[in-house]
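First subunit A sits with subunit B, and in the next complex the same chain sits with subunit C.
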Partner chain A sequence: MIPGALREAVARDGETIVYVPRERLLEVMTWLKETPGQEFDYLVDVTAVEYRDRERPLEVVYFLRSLKRRADIRVKVELQASEELSVDSVWGLWRGADWLEREVFDMFGVTFRGHPDLRRILMWETYAEGYPLRKSFPLRGRFSRAEQVRQALNANPEAHYSLEELSIADAAGDLPDEMRDRLRRGERGVIPEPPSSSP
Partner chain B sequence: MKRVGEVQSSNYLLAKFHDLVDWAVNSSRANSLWPMPFGIACCAIEFMATAASRFDFARFGMERQAFSPRQADVLICAGRLPFKLAPVIRRIYDQMPQPKWVISMGACASTGGIFDNYSMVQGIDTIVPVDVYVPGCPPRPEGLLYGILLLHKKIKGESLFDAVRRRDEQPLDERGLRLPPETIDEISEPFGNSVHQFRSS
Partner chain C sequence: MSKRTVELALATPGVDGHGHPIRVPLTTEQPDLRDEHMLVNIGPQHPATHGVLRLVVELDGETVLRCIPHIGYLHSGFEKLGEYRHYNQIIPLTDRTDYLSPMANNVGFALAAEKLMGIEITPRCTVLRVIACEMSRIISHMVWLGTTSIDLGAFTPFLWAFQERERIYDLQEMWTGARLTTSVTRVGGLMADIPDRFVEKLREFTQTFPKTLGEIDRVLTRNAVWVGRTQNVGALTAAQAINYSLSGPMLRASGVAYDVRRDKPYLGYETYDFDVPVGEHGDVYDRYLVRLEECHQSNRILQQAVDRLPEGPINVDDPRVILPSKTRAMSDMEAMIFHFKQVMEGVKAPVGEAYVGIENPKGELGNYVVSDGTAKPVRWRIRPPSFINLSALPKMAEGHLLSDLIAINASVDIVMGEVDR
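For the complex of A and B:
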């Protein structure tokens, strides 16, 4: 194993959890994936945990599985709330990390350095209220219901997809001019300003 | 006033012309409602059961489900509506030709139900005008059929000649809202268990 790369390792109930400093994450993940005898070739999930105890750091959690060895490992990176919430993307190792990391970004606001397309994935791209699964986020959102309805109704439901994401990409020549222009511009809308009267 | 179609003798029928036209038009409309299914959650499963052989709403003239809004008469919103889908259902509603009706199926479509959170519309009546609310979580097929029959009754009470009883187009205002903001806030108030949750934390 790489010296100094493990901050802490916990083995409990037959599960292995390793804590990695965030500078070493990519190094450790590459080692886990490519070293013979490790071969964690499948990224099951990427998620994050924020605890009610505000002293505890936010954790980004990676679930890895080796399909050949039938072994699991859980890798955690701790991020202090006081510093920038960012880690290296593991998209280069497992392509499946693409949407998983987008979801963590959407829900927790963790940015993944080196991710090819880090956009919101569940909420629409012009969503302006913040990151819903953070502990500081009010259950009903930051804006009033009327403001939420107004922003939702003024959203353009077709503007969230790029031409490549739409399956009509290869039929672009047959589309109406107006629609083709709009898709080519990649119009996603602008993130609205929070209303002055938001509670 | 004599009722439409009331037979005075075996030889003639006495009715007002307006009533006769309304009766003919409304009967045609009510008895050939083509539904536009907008199934977004578990209510859609019960909707499918309503459409299938055991309950079979084709018996009430809903033989053809219109999967295009251009050929639909009644929009059935079956399931909870997230804000992300709000502009979608509004566009589908706008694309339906008049006359058109909306059934809000289930607790979540009608009020937001258990989903009193940041992502869910608290009642689709903040987005589109609703004619019949079917309660239940999800409603049984009998419940939806009852709602459809209530809608028949409502349609048969409309009149081509009475602007008050006729449905008019309900476009969005210049803010892009169907209802005034105060009304939306009022009808989106928490209720039940969710009153114990706080808006800001």
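For the complex of A and C:
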């Protein structure tokens, strides 16, 4: 049994799944990566699973592999929907986690504490419909097609650059205050929650 | 501010009393550009970004200080769509992720679904799937080779590579009726057996294909321009490649000998005789060498697969998973019930989860399927190899020239359908 693990299970494909409490995730991951005999030095994937059963917690899943020992392991952190959806980032251990964690944030709204650049990756930065892979998100999106088209047509071309990028070109200073504010708001993870209409 | 004096020779109006032009010392203030950085936007519609990838690049002169990729222009929500579809209905979605190697994607998903359901596929189906995977590797590497050589100014290999690719596309069309959207697998088997003359044509291909590879090798490998543009460009050490979770040719070019086919075999790959080429420097040139050698190895596997192709059924004998033939469904009561149940309810998977990683041309393609016992997965996750490989682009491009950024980006071998899914 791995120190810090809550319980272990075996998946249908034969891999071991280790459930870890979220406070100890970073500790367990560091242990798995650095302990001789474990040496899980390769992060295969990071993703999340939300079940159709609302009672079941959302799971953040890490796939680890030891290239030397040719062994795989799966680490899961369970997050209750009632709590704040956040875990520690493993960016410090594997740089490969950078985009993978951003994608989980983008699609599920799980925040990764300590991630240096946590912003949306597949959806645009000002996307306001919520988190697409959550089960409460309808297949066609929260807004009507008309509203989606209206927003797309009204989008500011400038908003395609982040404020940071515009500062490189000294263009940020030339923007009207109002637009600068909008870019600042849209840029880093602060995405307005959609109106609370139950799906 | 530096100052520069410019002498201006004025035209006739500015002539002095002796008829000589008046020379006026003109002082202009030249801004000091040493600390000025330039912002250059490449894409999303740009031929050198290989799809709808947008790169915002901070330049100091011609040197890339920072590269910020923007993706998502082709995001179609395949993973979300998959949660609303039966397992067999997901297979057409997999074509459209990595559309340069559609058959390998079909196989990847089918293997994951079969592992979840505990289905053992037939020997003939296993070998046919190996053929599908290796044909995909060849066409994907041919597209990579052609487009990269065009990016770096070599036009001829592009034509040769695309000619070979066309021959595989003809084979795919023979087999499935489609060139791109093949959807060749089904859970528990295949959509169709290979037609007559397929084996013959494939054998003919495997005999003549090495000649083209040899020609490409002769034109590029020791070509001064090609070597100059690719060696020591975008190099990653083995430790960096592992830390960035790279996979496939990108990982192996950096000297890490990990190939899913050899180290975590599926489809009986351990019974085939093939080598895993490994690079040394992890630069664009080594990635080229690794991919070129992989084409040779794929060709070897194809030859072995064609030789050993067993007779027999392509689908498992399980009426809950495989659709009965139309004739039987129309004449046999039991077959009709199975047909009805499969079409209306779909194939039910037991509760649980399964992950299957396969060695796709771009890297390790993972299909992670979670089931709650219904006919539709709770979660279908694609581990997209080119998405993860692309995430190392900012690191690789740092400190290189803008023109090298194009070479580095090409060497990642991205396909945006898969990056954005």
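Miscellaneous remarks
Heads up, the rule we're going with is that the second predicted complex is superposed on the first by the 142 of 199 C-alpha atoms of A that agree within 3 Å, B and C clash if a C-alpha of one lies under 4 Å from a C-alpha of the other, contacts with A are read in each partner's own complex, and residues count from 1 in each chain.
The definition used in the following text is that a contact is a pair of C-beta atoms (placed from the backbone, for glycine too) under 8 Å apart; a residue touches a chain by one contact, two chains touch by 3 or more.
This is a predicted model, so every value here is computed, not measured.
When the shared chain is aligned, subunit B comes close enough to touch A:140, but subunit C does not. Of the two partner chains, subunit B and subunit C are each touched by A:132. Once the two structures are overlaid, the count of subunit A residues touched is higher for C than for its counterpart among subunit B and subunit C.
Legend: residue contacts after superposition of the two complexes on their common chain; A:152 is shown touching subunit B, with no touch to subunit C.
In the superposed pair of complexes, A:124 makes contact with subunit B and with subunit C alike.
Looking at the shared chain after the overlay, A:67 reaches subunit C, while subunit B stays out of its contact range. Shared-chain residue A:53: touches subunit C; no touch with subunit B.
Shared contact residues of subunit A with subunit B and subunit C: 123-124, 132, 137, 139.
Put simply, subunit C touches subunit A in their complex at residues 37-39, 41, 56, 58, 66, 68, 70-72, 75, 77, 79-81, 84, 115-116, 118, 242-246, 256, 258, 263-264, 350, 352-357, 364, 366, 368, 370, 372, 378-379, 381, 383, 387-388, 390-392, 395, 420-421.
Remark: subunit A residues 11-13, 15, 41-45, 47, 49-53, 61, 63, 67, 70, 72, 74, 94-100, 103, 107, 120-124, 132-133, 137, 139, 160-162, 165-166, 168-169, 171 touch subunit C in the complex.
Looking at the complex, you find that subunit B touches subunit A at residues 83-84, 86-88, 90-91, 116-119, 121-122, 126-127, 172, 175-178, 181-182, 184-185, 188, 190, 197-201. Subunit A makes touch with subunit B in their complex at residues 123-124, 129, 132, 135-141, 144-157, 199.
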